[in-house]
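In what comes next, subunit A is part of two complexes: it sits with subunit B in the first one and with subunit C in the second one.
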Partner chain A sequence: MSKRVLAVDDDPDIVMFVKTVLEENGYIPLIAKNGETGLSMARDESPDLIIMDVLMPRQSGIRMYRELKDDETLRNIPVIILSGIARRTFLRSQEALSEFGDHPVPEPEAYMEKPVEPAELAETVKNLID
Partner chain B sequence: MKNKKLLFVTQFEELWFDALQSLMDLRKAGFNHAVFLHVIERDKVAMRRGKGYLKDEEVKLREMANVRFIDWAESLFEQGMEVGAYIVVGNPLPKIISTAEEEEVDLIVTGRHKQGKFEELYGGSETLEILERTSTPVLVYKYMLPSGKVNERPFERPLLTLDWSPASEKAVEYLISFKNILKKVVAVHVIGEKEFKSTSAMEIQSLRKENKQKLEEVCLLFEKEGIEAESHLYVGSTFEQIEKAATEREATMIVAGTTGKSPLKEIFLGSVATKLTKHSMLPSLLVPARVNL
Partner chain C sequence: MKMNKILLIDDEEDILDVLSLSLRSDGYEVFTSTSGEKGLEEIEKESPSIVLTDLKMPGMDGLDVLERVKATNPDIEVIVITGHGDMDSAIDALRYGASDFVNKPVSEAALHIALKRAREKIVIREKLRAYTLDLENMCQIAIGEVKRKSDFQDKLITSSNDGIVATDENGIVVIFNPEAEAIFGIPRIDVVRKAYYADLFPAEIADVFGLMFDNGKKMGDVGWKEVIIHRNESDVPVRFSATLLYDGEDIIGSVGFFQDLSEINRLESELVKSERLAAIGQTVSRLAHYIKNILAGLKGGTYIVNISLDKNDTDKLRTGWHMVERNVGRISYLVADLLAYSREREPEYRICLPNDIVEDVCELLDGMAMENQIEVERDFDPSIKEISMDPDMVHRILLNLVSNAVDACIFDLDETKQHKVRVGARLEGDNLIRFEVADNGCGMREEIKKKIFSAFFSTKGGKGTGLGLLVVQKLVQEHNGIIDILSELGEGSTFIVRLPYGKVE
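Up next is the complex of A and B:
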């Protein structure tokens, strides 16, 4: 059975890119356009992998990632961050939230800074779920 | 404390990252989520004879805004803030209103847009329209002081202008919600010359006494919350006297309630809100009577 990948991004061009890469490689894409819907879809659909942006409306990827890793039923889903925000910033932001009282969260399984080549994305997805 | 959101509207004309950074004190008042909005005005990318819709221009403007927003977001994320961003094409007013609704923001921060001849005549109407249609307070932010220095803590010493309307009561309540960052509130009421109808000194003194008592009651509300407050009565034309009071009392911002009348009515009635938006050198925090506290 094909594996299902949840892509969370507000940019329609990126959504189209990720969707095409996933479909061409035999995965089923699920789409959410912000962190809030992304989290709710992750809970409802239990995908095999999540590909998510950081800078998004309603709820950012920083918070969404933290909530994913805080949730016992979701924390084992591998996550690829695909964003224009630098990896170093992402990690520092998570540290900043931990300093404000939240507990630390593990680093994401993969971090890709936009733009990425289709083959590079497909390879990363394959390495994480196949 | 509830996590509050501010919508920071920038056309990259007046409001840049240093303006946003100077508002970071608002975190102490619960504002931990900033949403950036840049509207690419439709006429910049609209159809041209022989060229069609300027798609390349739209992509260029989007990416320019995106590069800026990513850089700003990185700085705020690292400070532990929550950040979101919108880059949209259209007319600014409906886009500001729809984004404010979509994100359910608690405060809208805008600058003054560069004005053409029409806007010069009706200047300020955009802000009033937002106030009428969203019931969200608007901070018209002028972060450079007339001295050329940056207004680093606009909420430190606000001048609260009171006309005893329901809107100014809401302004009092709204301002109290910023108690963690207020140092001193200067409460001011301006008695218009028209109010000196009587030639009796006794009646005029009664008018003074009555207004002063009301001001003192407002000051007590702030003092109960641990905020220092002082009251002053001015006489004359409202906007000029508010500006005078702001200078004399070294205010960092002016706060006023707005009636929620249609923008055109406000303009033709020469409302204080319109004048503050258009002419004041200080940031103006305008609170609509319908604000949800």
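Up next is the complex of A and C:
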């Protein structure tokens, strides 16, 4: 049975791109356009992998990531963060959030900076769930 | 010194007895000696304030005693007793410093007067001495004070960061401090009491001093002026101020203060440069980020196009191509904004229908608004006729404002709201057109409101260039219009733009 991958991004171009890469490589894509929808889909659909941006309106990316990693049942779904911001900047922002009182969350299983090559994305997905 | 101690010296003991009896009864403390030699010893021992001595004595006579006393204790008053009619000796004695003489036989009245005078002399001398001492002390204190003040002023002038040049009433330089040496590049020794101000100062400054000397008080102080001093190798930018010095109504000199501005100028230009570099760095990084997003869209589009071509999938091909087109559009907008921001542009007035422009902007953003459940409400006054303004500027202004309003709704944390953007247009007075873009989105905090027109500021992360409102502000200014902003955090924002227009006859 094909693995299902949830792609969460507010940029329709990125969603379309990721969706196509997933289809081309034999995965079933699930699509969400913001963090709120993304989180509820993660709960309802229990995907095998989540590809998500962290910079989305209303800080929904950052909140979604923290909630995923805080939730017993969701924590083990591997996450690829695909974002315009550098990995270093993302990790620093997470540290800052922890310093402000939130407890620390684990790093994502993979971090990719936009723009990403289709082959590279496919390879990363494959390494995490096959 | 005790004033009532008297030493009597006489070789005739009965005279001593009589006199001491009478003096004691007058309250004096009396000592007696029967010879000059013994008298001197007694003086050393008792330090009397008055000595009454007979002139004619065997051995050391009265004049000798007088001489010795005056040599060693000039403050002791000596009264001599002279034989009747011995005027010569009496005069000698007075010459040697006796305070008085009494004739033999000594009458009580004469003695009384002589003693009184001697006492008065002592009192006066004491007072005089006290006054003198006082005066000397005061002098000392005053001299010290003056010296301290002058030292202090000297140090003040010497160590001042300003160059200080003072002249006397004739314009001859009298003060030229080290900073002045540095500014003018001339050693003090070549200038002080040698140079006339006009020889020292460049014409610009010399003229000011000339005017000041000519006009005196009418002219008043000369406030800070900036001039360039041409020194041997380099030019020194200098700020200077000048004033005349008066003693009452009389001019006693002039003083000029000079500040070397080279260091200040250097720091200022360095600051400007580093601020500009920082701004450029920020700008470039923000733009790179934004372009990276567009690039991601373009890459995704070409990837999908390639796959669809391989598979002959026309639907997918259309999707991919649409992505490419949309991102080409984003680049066009970016370039247009960049050019609008960087180029000075006079508005090009053309006849147009404002409502058509606003409708076009709304249509461009309807799609995005609908995708995010945002309503774009048109609130145009249908009676607006053709007017003359720059339609391209207005289009760009409104496109930026409406797309910001849509973003403000998308970014709003409150999901229970029915988000709405209202775009209004109407005429005001007979020469203003008023556009209003209002949203009920996230609104702005005070500190954000202050920053929205600063270069490349954005709250949209990688999805904003920070150019939009900068361009809006610039275009509104170029069109001689004004922009007003109302915003409440959590309630939404309203941007009101008023532009002057030309009437169409």
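Just so it is clear, the second predicted complex is superposed on the first by the 128 of 130 C-alpha atoms of A that agree within 3 Å, B and C clash if a C-alpha of one lies under 4 Å from a C-alpha of the other, contacts with A are read in each partner's own complex, and residues count from 1 in each chain.
Here is the rule we use: a residue touches a chain if its C-beta (ideal position, glycine included) is under 8 Å from a C-beta of that chain, and two chains touch if they have at least 3 such contacts.
Keep in mind the model is a prediction, meaning the values are calculated, not measured.
J.: After the overlay on subunit A, what do you see for subunit B versus subunit C, clash or fit?
T.: clash
J.: Once the shared chain is lined up, is A:Glu36 touching subunit B (first), subunit C (second), both, or neither of them?
T.: After superposing on A, A:Glu36 lies in contact with subunit C but is clear of subunit B.
J.: State whether A:Pro118 touches subunit B only (first), subunit C only (second), both chains, or neither.
T.: second
J.: May I ask you to decide whether A:Met16 touches subunit B, subunit C, both, or neither, giving the answer as first, second, both or neither?
T.: second
J.: Classify the contacts of A:Glu99 with the two partner chains as first (subunit B alone), second (subunit C alone), both, or neither.
T.: In the superposition, A:Glu99 touches subunit B alone.
J.: If you stack the two complexes on chain A, which partner ends up touching A:Ile85: first (subunit B), second (subunit C), both, or neither?
T.: Both partners, subunit B and subunit C.
J.: For A:Ile62, using the defined touch cut-off, is the partner it touches subunit B, subunit C, both, or neither? Pick first, second, both or neither.
T.: Only subunit B is touched by A:Ile62; subunit C is not.
J.: Where does A:Glu24 make contact in the superposed view: on subunit B (first), on subunit C (second), on both, or on neither?
T.: The second partner, subunit C, only.
J.: Touching subunit B and also subunit C: which subunit A residues?
T.: Residues 55, 57-58, 84-85 of subunit A touch both subunit B and subunit C.
J.: Would you mind writing out the residues of subunit A in touch with subunit C in their complex?
T.: Touch list, subunit A to subunit C: 10-14, 16-17, 20-21, 24, 36, 55, 57-58, 84-85, 114-118.
J.: Can you tell me which positions in subunit C touch subunit A when the two form their complex?
T.: Result: residues 289, 292-293, 295-297, 299-301, 303-304, 307, 316, 319-320, 323, 326-327, 371, 407, 410-413, 415, 461-463 of subunit C touch subunit A.
J.: In the complex of these two chains, what residues of subunit B are touching subunit A?
T.: These residues of subunit B touch subunit A: 35, 66, 69-70, 73-74, 77-80, 82-86, 102-103.
J.: What residues on subunit A touch subunit B, complex-wise?
T.: Touch residues, subunit A against subunit B: 34, 54-60, 62-63, 84-86, 89-90, 92-93, 96-97, 99-100.
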